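Which chain is which? They are A, B, C and D, in the order written, and residues in each are numbered from 1.
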Amino acid sequence: MKHLSQQTVDAITALQHCHATCSSMAMTHCLEMGGEHARPQHLRLMLDCAAFCAFTADALGRKSQFHTGFAALCAEVCETCEKDCEALGDMDDCVQACRVCATACRQIARAEHREALETGSRTAPARH
Amino acid sequence: MKHLSQQTVDAITALQHCHATCSSMAMTHCLEMGGEHARPQHLRLMLDCAAFCAFTADALGRKSQFHTGFAALCAEVCETCEKDCEALGDMDDCVQACRVCATACRQIARAEHREALETGSRTAPARH
Amino acid sequence: MKHLSQQTVDAITALQHCHATCSSMAMTHCLEMGGEHARPQHLRLMLDCAAFCAFTADALGRKSQFHTGFAALCAEVCETCEKDCEALGDMDDCVQACRVCATACRQIARAEHREALETGSRTAPARH
Amino acid sequence: MKHLSQQTVDAITALQHCHATCSSMAMTHCLEMGGEHARPQHLRLMLDCAAFCAFTADALGRKSQFHTGFAALCAEVCETCEKDCEALGDMDDCVQACRVCATACRQIARAEHREALETGSRTAPARH
């Protein structure tokens, strides 16, 4: 995907990995373990995280004008899921995938911000 | 879906209608008209709106803990899409679907806020 | 959506309703009831049905060239889900939504077939 | 994802790559090039392929009972998209991603078949 920056491609990879890990773990590992792992609130959070990662990956891939807002909210969802999985235990793959993905999303959100600042300084009206 | 409030069911209906309208119009009407209707930025916005509406409908349906944040951001995307479609012309179905959906999303976001305030006042220990 | 036939619009409505019902029931009603309702195989089937209905609705909306094949397979998934929900009990909304959706999908698949036959007879070179 | 076979994990990776490539190329490269690349039928096929790959990846991840049927149909969609992209030209990433994905899907469909045969022979009634 030569039409996207390396940072965006890396974020899409992290988002897709987090999506696949959370959705698969929820519907196999967690449901099969039962107990706390099958708590409705935990599984809903896992699906929130999985679905929002898939959505954000697609949005980045199509150069969405909202990519900063999506990435920032996605980072928040991933971090919440990461903490929930860590507290639950036996969810190492999810904890790791969420962490990596949240970091990638934060970078996308910041990159945009930095770019906006730079653009701002480039176009600032010189006072003569 | 008796396990959901009427307001939530209504919002899901509006979100699904907006999703179907935007995704179908983008890939049939807009592409077939060509010209301004097939501008990359317009079609990306249509798909952003369609995909985020589908995601938010699912999140409401599973009683996501993030439903307020998702609904608020979804309202913003729908309003942006509504304006773009209105400026473009010949997009009445989308304009209408986005408007109804944005209103429903704003209500979900506000309802949560009101509920939080009420809960707050019920539990506030303010007797000095 | 004036650019689609009434039959297609009706099928999309049935597909979206089945999607919303199955995905929401799975992640609220079934998980909260627990027991047989939270069996991994049942929940996976519910999500299969929900996700394939959403996919097929979108495919019909964009006039996909594969719409017959998708509709036929979707009918099969819906019928399987309908039977599973009926056997389980306390799943009336899903049973009903799956039944209506399967019927709509079968009609889409047949309509295409009938159209192909008609087209065939119109264009068949009669060699006397 | 230790709960899945290596073959399934590899197929999910191929499906996700094909999804990301087709959906991103459609909404950036193809729309920006215009002309034949922005033909409605081509873009619809690209989105069919992208969406069905995403759906199938999720179905494999949750050990769907329909995974053979989904994988077989997905292979067909990918092969159709591959040919369309090859004929169009300037779509190398998509051609390659579709080809790898179709092969992985065919293997999933065959593996199931082989497994069924083996299971059949293991459980065949001994003739006394």
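As a working rule, a contact is a pair of C-beta atoms (placed from the backbone, for glycine too) under 8 Å apart; a residue touches a chain by one contact, two chains touch by 3 or more.
The structure displayed is predicted, hence computed values, not measured ones.
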Taking each chain's C-alpha mean as its centre, the one farthest from subunit A: C
Which of A-D and A-C has more C-beta pairs touching across its chains: A-D
Subunit A-subunit C separation of Cα centroids, rounded to whole Å: 31
Between subunit D and subunit A, distance of the C-alpha-averaged centres to the nearest whole Å: 24
Multi-partner residues of subunit C (each touching 2 or more other chains): 27-28, 32, 44, 47, 58, 62-63
Complex contact set, residues of subunit A against subunit C: 27-28, 31-32, 34, 38, 40, 43-44, 47
Partner subunit D, residues of subunit C touching it in the complex: 41, 44-45, 47-48, 51-52, 55, 58-59, 62-66, 69-70, 73, 76-77, 80
Subunit C partner contacts - residues on subunit B that touch it in the complex: 1-4, 12, 16, 20-21, 23-25, 27-29, 32, 54, 57-58, 61-63, 93
